[in-house]
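Sharing a structure with you now.
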Amino acid sequence: MLLEADDVTMAFGSFRAVSGASLALDEGEIIGLIGPNGAGKSTFFNCLAGDMVPTGGRIVFAGADMTRASPEAHARAGIGRTFQVPTTFEDMTILENVMVGAFLRHPRRADAHEHARRIVEMTGLKDQAGQRARTLGTPGRKRLEIARVLATGPRLMLLDEALAGLTPAELQQAIALVRQIHATGVTLVIVEHIMEVIMTLTQRVLVFNQGHVIASGKPDAVVKETAVIEAYLGHGRRKRRP
Amino acid sequence: MWGSKDNAGANAMLLLQVIVGGLLLGAIYALFSSGLTLIWGMMNFINFAHGEFVMLGMYVALLVVTWLAGGPATFGVAAAFALFVLGVVVYLSLVRHVMRGPMLAQILSTFGLALLLRYTAFWIFSANFVSLPQTSLSGTVNLGGILMPVAQLVAGLVAVSLTVALHLLLTRTAVGSRLLAVAEDRNAAMLMGIRPDRMQALAWGLSAASAGIAGALMATAYPWSPSVGETFGLTAFVVVALGGFGSVPGALYAGLIIGLIQALSAYWFGPIYKDIVVYGLFAALLWLRPQGLMGKA
Amino acid sequence: MKTGTLVLAVALLAYPFVLYDHFYWDIGVGLLLAAISASAWNIVGGYAGQVSVGHAMFFGIGAYVPLLVFNLWQLPPIAGAPLAVALSLVLAVVIGLPTFRLRGHYFSMATIAVAELIRIFIGTWDFVGAAIGLQGPAVGRGWWDLTFRSELPYYYIFLVVLAVLLYVTRAVEKSRFGYYLRAIKAGERAARSLGVPVQQTKLKALLLSAVFTSIAGSLYSIKTGFIDPESGFGILISVQMVIVAALGGAGTLYGPLVGALILVPAQTATNTWFGGGGSGLTYILYGGIILVLARFEPGGLHELWQRLAPRLRRTPRAA
Amino acid sequence: MTGPAARLAAIATACLAVMGAVPALAADTVKIGILWPLTGNAAAAGQASKAAAEVAADIVNDAHPDLGNLPLAKTAGLPNMGGARLELVFVDHQGSPSVAQQQALRLITQEKVDVLFGAYQSSCSFTATAVAERQGIPFMVGESAAANITGRGFKWVFRGTPIASDYAATYMRFFDDMKKRGKTIGSIAVVNENTDYGTSVADAIEAAAKKNGIPVAIRIPYSASSTDVSAQVLQLKEKQPDVVIFISYTADAILYIKTMRNLEYMPPMVIGDDTGFSDPSFIPAVADIAQGVMNRSAWDIGKPGSATYLINEMYKKKTSRDLDDTSARNMQSFFALADALNRAGAKDPEKIRVALSQTDLKPDQLMMGYEGVKFDSTGQNVLAATYLIQLHGKKYDLVWPDRAAEAQLQWPMKGWK
């Protein structure tokens, strides 16, 4: 068992954004988190990444209790994440962005540089390596975020809508990249609205609605469950994308 | 006439006098600080020239009194109006262009503005100290043994009312909710048909106007020269930080508290320690409750 | 790049012989001091983006302790500099620990408040001369007092300190520490998610910055031979560091030096030309220039250069 | 990045070179470099003193036979130097010790001034005199409070004004006199602003009072930028001293008087230590509630037609204000300096220094109420003294010492009654 989140609850005052969500993850899995906007999946995600300390429950990663650990401790332990709205370091170059991640396991500059070059190459950003991050468009930024996290050498990567807003061609490249990352032995949790991504990439899906996990299982089975359809069509504020 | 030394009642009266005096001064701190906190809260923007706005309010009062022989009501309104216009102009010509830039540019621009305003006043009015000629607000009233200068009393009460009025304007009127909508989310406000630029210009106008009136009120009791703004500016920072960034009620409480602490520590420990006590308290607060008294965490 | 550095170094080394005069040397000393202070500020204010508006607290400690050890024990003032550095480090920890938990303007506010607190406190403390301040040796008892008749020795001492500081800054820039600082400035949340120990890194930056700011203060008081609360801890001392760095380009290696190269001569020139008239024109100009620069060049001259450089380089070197 | 740095260095250097290219001085002028705070918090005092120095220079440069025995008034220019005229070069040290140091250096090396004069704030006098000492140029300190500006073993520094201990001694002599006349002086209170001026003077008064067996009921240091002083006034009210001495700047002096009126506190006597109480803004602001307030001043406008009256008229023409004591003391130091320049007979620094050290002006040669001007080995004027004046109506009258008094001392003061 790589990650075990048990009965995680996150309350803001009287509002429970996440209510008793649990998740167990084996090394090498790819799972998806889906649900309408405001369902609590992002909050749950932030708890897993250490950005928020849950008000209840327990999160164990690789045998260590990470419930109250800081984001940087999560990174050191091997949990990397991307952000829904890209947070690239705008005034630094692509390579420098990736180096910030690389420094985590390679304190010497020359090593970090070498490692970052490999990552940049692997993620297809080689041609822009010397440009400032602010010159990139959205697809480039999402890619850079993935590259930066990859450079920290994570065992588990949490991707928060890392593939949203891409053209079909870009999407295919991005899916290929995720597969490639998975092939190197990284475990992945993906939050995504695009069903195509979920259906093609993930082995297992958790469906969130109103702070609760309402369904879980294989992707094609889950989408057929009435509760899920209701959540999307009945209460969801966003159209389902088949 | 001096009261007797061993009279405990007289001592209690003295203490009460100190407390009332401190609160009245604190009310004026609250008024000009509420202007600073308004734009700080709305735009996350530090205005280093706020003390200079207070100083200009004082000179506007002087001009109205000497040229137009205006009374306190006239020069108060004149100072508010003049500074409102200045605030809007500063927003449109300067702040609008630097507010989304780096924080350093914000600091630099208003610091440059502060120097420019201070020394333009210096150039026009010279370095000499001036004070308002006697106005209808002269004299003292005896409130059950507490002696209160009329000017200070009126100034304090007006300041409290205006600060409360500003708070009500923000929370109870349509204009106020538009202002707050812009502060909350500029883009969402635009979608609702609010023009953020107008609202922010209005905020700057209100902010400067509150400083202007505070200056005019101070002028009734306090002699000044162009460099007076620096002290007021620093006081306003402490009040805002203590009250919580962006909170008008916070500025009101913090202003009153600081006025009170200054007066009491001046009375108990000596006047040179009053600022040490205030800044020390502020530093301690940063450790214990960094978001200020009324600020959001 | 290399040639530029070389030209700059040669220009600074040769300056006293090009303008061979006490007054110009003194301006040079003032310029170097401004560059040292602003470069020291730059480590935490520029690279890490933590805008301190109270760095005078370290400058003031650096300035007071040397003259204090001279007045108390007749030691050479320079002997107080290490003690000042130690005190500044302690202060930096005390300030940094609580405030670096916060975001936004809190750090700026806290630094202003603490610097003011210290200024007012020093002004009432007889042990350190209260409002009157402290004097250094009127006449040097030996070279170790560093009380020279000429400004020239100060110029080269300051130049050496600046060179060391820039060398250290360059080393920081290239190291993991430097990358982490820039990452923190660009986005704390993202930096933390990549394993950057944000608070610890900020604190390290503040410590390094405090060391050099304190040294700048020591250099100032030893050279001037006098210190009082206003010239040690005054808010203008702090603001000057911010302005010099921001003008040249905060968070760049040579930005503060460039800012000093422009601002210090400009300040001296406007004061020389207009100060005697007494109309306050000096400050009207000074304020106006700062305002206009902030309005039209918010990134400092560094960014203006980044924009202009490609156009200027279209000539031979481009090939 | 280094490209622009190098280029800008070149521009800065060029800029500096232009600044130095000031034309050399004309043959028969003596240049006096004057450092004052013309901007910043003390700007008002600096500006007033600047006007006073300009009036003094006019008096020396042109013939003013109506000004009695004032040295160099009758003639135009400096007779011993072939009628050489004084040329004043003003600089603004902005109240900053390091700017004072730098500008002193500029005056010496660029402007080639023959003597220096200044610098108001003690902090600036400390650093500027050190430059003069190093460069071997005489420096006349017109007015600075801190005791140890002289007495640091400097040979080029002179100070014409009385210092804190002189003032303290004057107050003690005055109290003695009053006691002889049957006034009660059981205790005094000292209220001082807490920069170098207020602190130096208050320290001296406290020490002198201790020596003379007069209890100091309370000493209240405060910051001159205070916007409210009621707490201090209430403390005074509690302690009930017989005399309150204020060592204050302008805004705070006015604020104290107004607050005392508001809180209905009036001690038998208030003595202001010059500065704020002598500021031309003081009388218009509080005259009607401060009747009988005493003030220290060595300056007295005198009767119409007298030399001092005429000097005041000249000053008034320039500034539309009366000459205040601070500026007048600066002016007196300036005259002493001019006298020494004339006696030196040449622009040689050493000769000027010797002439200064041999200065011996008698009371009738002065515009101020000193007993003369004569410098001791540290450069301090040992004959400097001061009068006490009292607010009667809308002007101050000289009331002490008796030999100079022109009006009757009122004790206790009337205040607003």
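For the reader, a short list of remarks on this structure follows.
Order of writing sets the labels: A, B, C and D. Residues in every chain begin at 1.
Assume contacts are C-beta pairs under 8 Å (C-beta built on N, C-alpha and C of every residue); 3 or more make two chains touch, one makes a residue touch a chain.
Just so you know, these numbers come straight off a predicted model, no measurement behind them.
Apart from subunit C, the touch network of the chains falls into the groups A | B, D. In terms of the stated touch criterion, the partners common to subunit B and subunit D are C, listed by label. With centres computed as the average of Cα coordinates, no chain lies farther from subunit D than A. Rounded to a whole number, the gap between the C-alpha centres of subunit B and subunit C is 32 angstrom. For the pair subunit A and subunit D, the distance between mean C-alpha positions equals 74 Å. Each chain gets one centre point, the mean of its Cα atoms, and the points for subunit A and subunit C are 43 Å apart.
Averaging Cα coordinates per chain places subunit A and subunit B 48 Å apart. Shared interface positions of subunit C, defined as residues touching 2 or more other chains, are 120, 123-124, 280, 282-283. Residue positions of subunit A with contacts to 2 or more other chains are absent. The set of subunit D residues touching two or more other chains comprises 39, 43, 46-47, 194, 221, 223. Every pair of chains meeting the contact definition is listed here: A-C, B-C, B-D, C-D. Residues of subunit A that touch subunit C in their complex: 49, 51, 70-72, 74-76, 80-81, 83, 87-92, 96, 99-101, 103-104, 107-109, 112, 148-149, 151-152.
Looking at the complex, you find that subunit B touches subunit D at residues 1-3, 5, 11, 14, 17-18, 21-22, 25, 119, 122, 126-131, 140, 147-149, 152, 218, 221-225, 227-228, 230-231, 259, 262-264, 266-267, 270-272, 275. Of all the residues in subunit B, the ones that touch subunit C in their complex are 40, 44, 46, 94, 97-98, 101-109, 111-120, 122-123, 127, 230, 234, 237-238, 241, 245, 272-273, 275-276, 279-280, 282-283, 286-287, 290.
Residue ranges of subunit C in contact with subunit D, taken from their complex: 1, 3-5, 7-8, 11-12, 15, 18-19, 21-24, 26-27, 30-31, 120, 123-124, 130-133, 135, 138-139, 149, 151, 220, 224-228, 230-231, 249, 252-255, 257-258, 261-262, 265-266, 268-269, 271-273, 275-278, 280, 282-283, 301-302, 305, 309. Listing the residues of subunit C that touch subunit B in their complex gives 45, 49, 51, 53, 98-99, 101-102, 104-106, 108-110, 112-114, 116-117, 120-121, 123-124, 235, 239, 242-243, 246-247, 250, 279-284, 286-295, 298-300.
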